[in-house]
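What follows is a single structure, written as structure tokens, with notes after it.
Going in written order, the chains are labelled A, B, C, D, E and F, and every chain counts its residues from 1.
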Amino acid sequence: MIDDSLARKAQKQLYKAAREIKLDTNILKILENPMRTLKVSIPIKLDNGKIKVFTGFRCQYNNAKGPTKGGVRYHPDVSEDEVVALAAWMTWKCALLDLPYGGAKGGIICDPTKLSETELERLTRRYTTEIMPILGPHIDIPAPDVYTTSKTMAWIMDTFSMFKGYTEPSIVTGKPEILGGSKGRKEATGRGLAIITREFFKAQKKKLKGAKIAVQGFGNVGGHAALFLSQMGATVVAASDVSGCLVNPDGLDIPELMECVEKHACVIKHPGKQIDKEELLFQDVDILIPAALEDQIH
Amino acid sequence: MIDDSLARKAQKQLYKAAREIKLDTNILKILENPMRTLKVSIPIKLDNGKIKVFTGFRCQYNNAKGPTKGGVRYHPDVSEDEVVALAAWMTWKCALLDLPYGGAKGGIICDPTKLSETELERLTRRYTTEIMPILGPHIDIPAPDVYTTSKTMAWIMDTFSMFKGYTEPSIVTGKPEILGGSKGRKEATGRGLAIITREFFKAQKKKLKGAKIAVQGFGNVGGHAALFLSQMGATVVAASDVSGCLVNPDGLDIPELMECVEKHACVIKHPGKQIDKEELLFQDVDILIPAALEDQIH
Amino acid sequence: MIDDSLARKAQKQLYKAAREIKLDTNILKILENPMRTLKVSIPIKLDNGKIKVFTGFRCQYNNAKGPTKGGVRYHPDVSEDEVVALAAWMTWKCALLDLPYGGAKGGIICDPTKLSETELERLTRRYTTEIMPILGPHIDIPAPDVYTTSKTMAWIMDTFSMFKGYTEPSIVTGKPEILGGSKGRKEATGRGLAIITREFFKAQKKKLKGAKIAVQGFGNVGGHAALFLSQMGATVVAASDVSGCLVNPDGLDIPELMECVEKHACVIKHPGKQIDKEELLFQDVDILIPAALEDQIH
Amino acid sequence: MIDDSLARKAQKQLYKAAREIKLDTNILKILENPMRTLKVSIPIKLDNGKIKVFTGFRCQYNNAKGPTKGGVRYHPDVSEDEVVALAAWMTWKCALLDLPYGGAKGGIICDPTKLSETELERLTRRYTTEIMPILGPHIDIPAPDVYTTSKTMAWIMDTFSMFKGYTEPSIVTGKPEILGGSKGRKEATGRGLAIITREFFKAQKKKLKGAKIAVQGFGNVGGHAALFLSQMGATVVAASDVSGCLVNPDGLDIPELMECVEKHACVIKHPGKQIDKEELLFQDVDILIPAALEDQIH
Amino acid sequence: MIDDSLARKAQKQLYKAAREIKLDTNILKILENPMRTLKVSIPIKLDNGKIKVFTGFRCQYNNAKGPTKGGVRYHPDVSEDEVVALAAWMTWKCALLDLPYGGAKGGIICDPTKLSETELERLTRRYTTEIMPILGPHIDIPAPDVYTTSKTMAWIMDTFSMFKGYTEPSIVTGKPEILGGSKGRKEATGRGLAIITREFFKAQKKKLKGAKIAVQGFGNVGGHAALFLSQMGATVVAASDVSGCLVNPDGLDIPELMECVEKHACVIKHPGKQIDKEELLFQDVDILIPAALEDQIH
Amino acid sequence: MIDDSLARKAQKQLYKAAREIKLDTNILKILENPMRTLKVSIPIKLDNGKIKVFTGFRCQYNNAKGPTKGGVRYHPDVSEDEVVALAAWMTWKCALLDLPYGGAKGGIICDPTKLSETELERLTRRYTTEIMPILGPHIDIPAPDVYTTSKTMAWIMDTFSMFKGYTEPSIVTGKPEILGGSKGRKEATGRGLAIITREFFKAQKKKLKGAKIAVQGFGNVGGHAALFLSQMGATVVAASDVSGCLVNPDGLDIPELMECVEKHACVIKHPGKQIDKEELLFQDVDILIPAALEDQIH
């Protein structure tokens, strides 16, 4: 394991926590490595008739608490290192909340923006088939992550159900409501962020009303967090995504900005002052919400 | 993939063969990468009561011709790269002989000489359990390899059978005869080597009788090859193993040497002239038998 | 498909609804035909020792919403056409209420009034065995229908449970309460009818009290509907079954009539004025409840 | 059952045989109807992007002797009646030779000449998925029939194997040799015909040498029968297919005619005298080989 | 069946009840014998390296109400007779409360006080493996009993889960809370005893306050019953276990006594007057709680 | 275990053999007890409509060599002791011939001569269902034994096949030839006896021709042994069954006697001198064939 890898970072965090709680060395030895990682080749026929072979992963870090759970990511930067680290973090997250779940993570190395919807469907269905031996409502349950959506989950669910011979909604979370998905799932992460922020201010005996907020990654999570926080009275003064960064010291109009992003898929189509997106992390704010990719703050 | 890796070497061989036979590019794309590789953590309790976590692999390279087959290796140098390359080579081997099998390979990073028999048993049983989801007489069938024996196969077979609730001999090859193993299996690879050599001499219209032979790696394979070839009239002038190298221009006494290796597990306990073991590859012989680890000749 | 068949009728209703909601043609093409229909021979030994072979059906119309659900009918007029149409209607019913179920229907061509209870049991058990490959709590769940009762469901449940090796109550609905059946199931359809009627009157701003009602088919459904509606203040002026039709402009005594039907299995044993049963449909009433077989009104 | 249906014809043959052998009435009652017939909808996406829903069948007539076996036919005239009759005949055929198999038959109503190869593949794969619950090496084993080939069997085998998670060659017969198909399978039916004819002549104490033969349906079966019979010395004087009929009183050159059919898929591209194809049945010959569709002679 | 056996005793109770409720003879015949009893050999390696073979049982008395449920007992006196009787009583208990469960019981003939924890673990895991064919959340669900604890249940659950390939908490009750066990399970039986006693006094219109209680078997059940009853105002004047019997006419200090038992595993380490433990049954009390082994009162 | 029980006898034989071959004590400990014994209640409806509950057993003594094999016996004297002993002996028999099978035995306590064929069928089917969890071609394979025949095996095979959903001939041996039974199976045991006797005479350098033979139990085994031995030239001077004993110093006419037994099911209907059946064991003969029940010679 390379020392600056993400998985190594996750391991070091574990060691620190283990020292803190004087964790039994034998248990630590089991926790410091993933239970299993499956690497698969995913050959699909492209729309142009040629075959292209993608590489996918599914890491199940630890299942002591129950079936593993975790997202599936489609991104050119997906790597075994990344899925292992993310699966470890999913494990700690579930355990901290005492959920009856272990942690997992999957991903496919691909640029989803360059694949047609039919290609994405074939990619997803074949990936599901390949990881089938270690998938199941009692074994491992995928969820949406970067560049995968409720539609991706519907494909996974359908592929799994075809194999079983009956409809099995409990094989994924984050599926469309019509297929049994939970209401409010889309905005859940953002709402959680907003509620935690509110509670943190309460605990700090500070006022949320008027507090200044910067949001890095104004996507589904960042956007909803901004929305709920602005409804609670906070002022969102900066919002960035891959396209750039918008700032407004008096507060951005969040509902309008969300509409713009819905339509154009980038914040900078919204009128207003722009700054370099790297600058967002250095704004003078009360709260910084890092809602882009992991590992942004050093 | 690092350019001097074994898997890369296997890939380059494939490309060369593909050019030769004008293989369809789409098929080449599927063949150039392994179908799936499972990496598992294997926690076992050592005899001293402490837990140690080993890392194991099972690569199933391609199953188009039938269930995959391939050895399981216990060695400190086992790596994902190595099992992938060996699994590829198993695939080509089975396909060339038109056997209804695909290729696979597995391994555990460990020093088996430092583990007690009970530790090796626990290691093997847990490894079997961990790769169980992709194991089966119709799916993937392990075999002995470096530092694994018919006893190892008996453990795998017993673990698999326990899980199924009935005795399943067809889950491994290379098991003890008493459990349904094939007769002659132990000497099969060496005998094959001897027969091929004999046929090669015939085709070359040369005489095998009196031909000089050097054997690198006087273990199960090398020893039996030497035995059968000497019975056919050839003269084994050099034999090495990890302990060193014996030479005798008039021919070593192979049955005696085998007995010595049986007893002492090294060739140099046998009386006779010794040379540096690296020198074996440079002896003046008609046939060189490389029967140690792969990748010895450059 | 013959143009005046029931299945064709169901198809035409679908086309009409599809036009109304501008349903995607591709989806319509999938919905216009049943997913699968299994036709089975059911040989049973009669009480007289001879073998008789019955013909049974199970149509699973569509399972997009979840496992299919639907009754099993024992009647001489059962046909593939009928089960297909009824399965289609079950599909729409479940979908309209957004239940996580698809629609199915089954039936056996037989005259259940001419079979002894032991013959009915053997018939039911063998039918269950024959449709087993497409039955299951996640696949398809039978329910009582014309001439099948909670006892029939108990036989299906027991046959299925025997095959699985454990008691599986979720394979049928409408089973006896003692085996896990729902309380109030028997009167549920009739109660539903009464409640809808009450709500309809409310919506129409009419009074249910004193409204005149005719019930075609005073069986489990019609009888309970009559009972609940009379308790709500309506007046049941006519009630028919296969035996004939009773009328009373001042209202029939429903509890007494139900008792009579319980005992004699026909309405005409109850004292009161009788008319020809075909006349029931032409009575001057505020509400007509058609609770006999489908397809009565033209 | 309509009186002139194929299934009715098969039934009448059964009754006749039953009278002959004084078959137990109870057994006759079980044999006179198919065990089960599954009718499925098969929605596939056409190459033009539209969905088309085909209807398919699989009839398993009787499995008392072992797993059922029988072809899958792709033809516009496929009907439930036809598959039931053909499945019955498969049952008698297997039983007469005391093979450990029962009889089955399947089919899809379609015009395979109007479907592209990718459409045929999707059709076959979806059909296989739909009949999966009653398919298996121990349950029912498909084979090629009218307009289905070893390639079709390869698709069925691959679909089944994908679902099981391992390669299962024993799910179909008539698959390509490379996938485990039997050698000589292609010419087997024709060779059988030729051998039976030869034996028949022997039994009749007639000479096959110079005997005149007419072949209706010069396809795989008819063509090979003609080839083997001409090699045995017989003279093939007439050969027809859907395109027309060739005649030559001195004997057609069968190897050349086979080559022509291989290239042009019709006999009339071969030089020589042609007659109306209906006339073939009325030629003055010693042997008539009806190798087109069933039910040609009245 | 020997006339003074426990199973015979259970049978006689059944006959008495059957007469009382005029039970159908056919049903009685089914109820008077256990459905199935599995007797297994359990070979384990002791810590000293030798193999010892224990004998274990699992009796599933009747599963008409649902999956069977019942404890697993480790004791030198375990016998087939005992598990059959206890399984019968579990059946009546579940049925009386109309729980959807049948009754079962298991046990191993062993002296658990003479086995190390690792030996107990191996014994439990092997016993679980041996009864696996008739175990499952839908089939039979073990629970703790004499000398088995939540830890034993964790071993059973882990063994079962290993075999299934996923964590299955519903295979046992009485497991540790961390693995999904119910809160309050430990004190449940004792609390139930206390509540029933309180209700009995109410029904008898007597005062529980000041009532005198003797507890035979001051273990988990007896101790908690004593605790809750003393909190309700009763006076525990005598408490015995295998070590002896403590008495105090003014009431024992139950929390202190429980602490003592927790530490020393016997009541007599607690200061106070002791009597012979057999005397406990003859104390002058209002309530006697027999919470040791069954069959104490004659 | 009672000291004069059959199982104890089998154990003592094992101890003797173990001393002889200096068997490892750990292995002996595993071999001295049966792996598992299942005792089941078998409720069936008698022809008179009443329910009767029978008790059945299946003991699987040891499966180290492969799936267990052994007969099923219907007899009033069947007991757990007997099936355990017989299963032990089956284990040694299979092991001595190095067959890949372990040993098992089953039985039902019943008087098969007092049950109608339909009752026997129901008894067999229910017994099969009850032992299903430990039955299977890879697990345990029944065979005919005392009072069970090829028809009994057909019932077991059909019941098992119904549960699996396909015909599984490999679940029993000794089935009718029409269902896949082996040719020559019926006379196999008798033929084996005759051949061994012939070889024994050869080894003893004695003449079989004219040797005098007494057969205890002139059933399927004894009758065929007598037949083959008489064909080899021996003289059968005495033959008994449950009905009595026939003697003829010049040799009984075996084919005629077999015909008589076929027709009347007893030897004494055959003309000739009769003696008390207990006397058979004391005849002056060269060979005594004990082919009745086990444990006849003391």
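As a working rule, a residue touches a chain if its C-beta (ideal position, glycine included) is under 8 Å from a C-beta of that chain, and two chains touch if they have at least 3 such contacts.
Small disclaimer: the values here were computed from a predicted structure and weren't measured.
Within the contact network of the assembly, the step distance from chain B to chain D comes to 1. Among the other chains, the CA centroid farthest from that of chain A is the one of F.
With every chain reduced to the mean of its CA atoms, the largest distance from chain C is reached by B. A separation of 55 Å divides the Cα centre of chain C from that of chain F. Centre-to-centre separation between chain B and chain F, using Cα means, comes to 48 Å. Our note on geometry: chain B versus chain C, Cα centroid distance of 67 Å, whole angstroms. The set of chain A residues touching two or more other chains comprises 133, 165.
The touch graph of the protein chains shown belongs to none of the named shapes. Here the touching chains pair up as A-B, A-C, A-D, A-E, B-D, B-E, B-F, C-D, C-E, C-F, D-F, E-F.
Against chain E, in their complex, chain C makes its touches with residues 164-169, 180. Against chain B, in their complex, chain A makes its touches with residues 25-26, 29-30, 32-41, 43, 50-53, 55, 130, 133-134. Against chain F, in their complex, chain C makes its touches with residues 129, 132-133, 162-163, 165. For chain B in complex with chain D, the residues that touch the partner chain are 63-67, 100, 136, 138-139.
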